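Have a look at the structure that comes next, please.
Letters are used for the chains, namely A, B, C, D, E, F and G, taken in the order the chains are written, and counting of residues starts over at 1 for each.
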Amino acid sequence: MGDAPRKNPSDFLGNVLGKPVIVKLNSGVDYRGTLACLDGYMNIALEHTEEWVNGQKKNTYGDCFIRGNNVQYISPLRQ
Amino acid sequence: MGDAPRKNPSDFLGNVLGKPVIVKLNSGVDYRGTLACLDGYMNIALEHTEEWVNGQKKNTYGDCFIRGNNVQYISPLRQ
Amino acid sequence: MGDAPRKNPSDFLGNVLGKPVIVKLNSGVDYRGTLACLDGYMNIALEHTEEWVNGQKKNTYGDCFIRGNNVQYISPLRQ
Amino acid sequence: MGDAPRKNPSDFLGNVLGKPVIVKLNSGVDYRGTLACLDGYMNIALEHTEEWVNGQKKNTYGDCFIRGNNVQYISPLRQ
Amino acid sequence: MGDAPRKNPSDFLGNVLGKPVIVKLNSGVDYRGTLACLDGYMNIALEHTEEWVNGQKKNTYGDCFIRGNNVQYISPLRQ
Amino acid sequence: MGDAPRKNPSDFLGNVLGKPVIVKLNSGVDYRGTLACLDGYMNIALEHTEEWVNGQKKNTYGDCFIRGNNVQYISPLRQ
Amino acid sequence: MGDAPRKNPSDFLGNVLGKPVIVKLNSGVDYRGTLACLDGYMNIALEHTEEWVNGQKKNTYGDCFIRGNNVQYISPLRQ
């Protein structure tokens, strides 16, 4: 995490805004796309969204609103 | 997301009001229809609603009120 | 939704009060009956209630109080 | 519902106090008995309680306190 | 319930304090013992606790603190 | 419970601070160790922690922070 | 726990900031990495993150934001 120093996890999330991320849901499904924005409930808006299940791309959705309480983790997508 | 600039996910949802969307529930079932309105709890009213399970249309309901806490994601339906 | 104009999902529900509806629970069971009343927690009182499982009528209950947090969706029953 | 007119589901429940009811839990188990009292969280005290599983009587408990957040529905027991 | 008159379920629970009870959890496991005390969240302290699974005694714990949100029902243990 | 008189379950927990306990989680896994401290959400810090699954020791962790909402029960460990 | 004396579990967590930890989720998956920071909801930011399933390393993520309500326990990683 060579970006700005971070004191709490929200700072971490601030650092990945506008960048490609993986969003893993409790159901085990991954959503990959550009993190457009998110709010305090971890509701997420992704752009250019892809749906991955067990390592295979299943769908593309373009824009996608993901409800926060299903999110397990968010991580920058390595290019 | 070539629409109005968005700062939080609610703006994203505002942009798809009145448009055809896919609403995926935690149970894995999709509901497709026109997003008539929604509230802060993510409760959703759809019009011309279709119920899809594993990529197959199972039912049509016309109007449908979907309770927010079961929603996994909402995405514009590509025509 | 050719009824009164609606701004939020509660208006939708107001429109189906006193009318036959399907109430689908998270468990997958449908309850069909006349929507007598409901409150802000989506607790529902149905009259002339039928219990349907996988498209088959299993029970009739007359009056039935359904707890809101199990509700997946509510939709007008087409005659 | 030929009893007193009801405006919200709690009125419905008020009407069945002291009467035999079925209480179905999310687990699918039914508890049948006299509805002694209940509170705003849907916590329920039943008297002369019977436990039914898949249509078969499994246990009798006399008095029984049932925690509200497991309740799926409550319905008058038809004699 | 031939004890003191009761207006809400907490009164019922007050009546069984210090008495042998069955505490059934959502997991289906029963805990039997003397109801030492409980609080508003239904957290329970039992004494001389036995753990029963499918009608068979599996463990004895002496004292046991049970977290309220897993409780399905509480009922006096018939001697 | 021959210790100090107790009026609510927290007193019970106060009595086992610094003592060996079993912490059973909703997942069915047991964590055994010395109860270092806990807070109002039932978050628990254990020392010399062992992880037991189906009666078999699987792991030792030394210190371990357990999140409260997964706790099913806490009981003193009999030596 | 030979570090600073601790009165509540948050002190325990304060002691492992900046150190390698195991974070076990309710799903059974382990995430191992350096605990960069966490907040009052147990949301966690890890650095140099590895994903382990059934004792096997499956993925590496570098930075990772984990949502608190899925966390089962956090424990220092023994070198």
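By our rule, a contact is a pair of C-beta atoms (placed from the backbone, for glycine too) under 8 Å apart; a residue touches a chain by one contact, two chains touch by 3 or more.
Worth saying up front: this structure is predicted, and the values here are computed from it rather than measured.
S.K.: Compute the shortest path length in steps from chain C to chain G over the network of touching chains.
M.R.: The least step count works out to 3.
S.K.: What is the distance, in whole Å, between the centres of chain D and chain F, each centre taken as the mean of its C-alpha atoms?
M.R.: From the centre of chain D to the centre of chain F is 35 Å.
S.K.: Using CA atom averages as chain centres, what separation in Å is found between chain A and chain G?
M.R.: Each chain's C-alpha centroid was found; their separation is 19 Å.
S.K.: Report, in whole Å, the distance between the mean C-alpha point of chain A and the mean C-alpha point of chain E.
M.R.: Those two chain centres are 44 Å apart.
S.K.: So which stretches of chain G touch two or more other chains?
M.R.: 69, in rising order.
S.K.: Which chains make up the ring, in order, starting at chain A and heading to chain B first?
M.R.: A, B, C, D, E, F, G
S.K.: Where on chain B does chain C make contact in their complex?
M.R.: 25, 27, 31, 36-39, 43-45, 47, 49, 61-67, 69-70
S.K.: What part of chain D is in contact with chain C in the complex they form?
M.R.: That would be residues 1, 6-13, 16, 22, 26, 28, 42, 68-69, 71-76, 78 of chain D.
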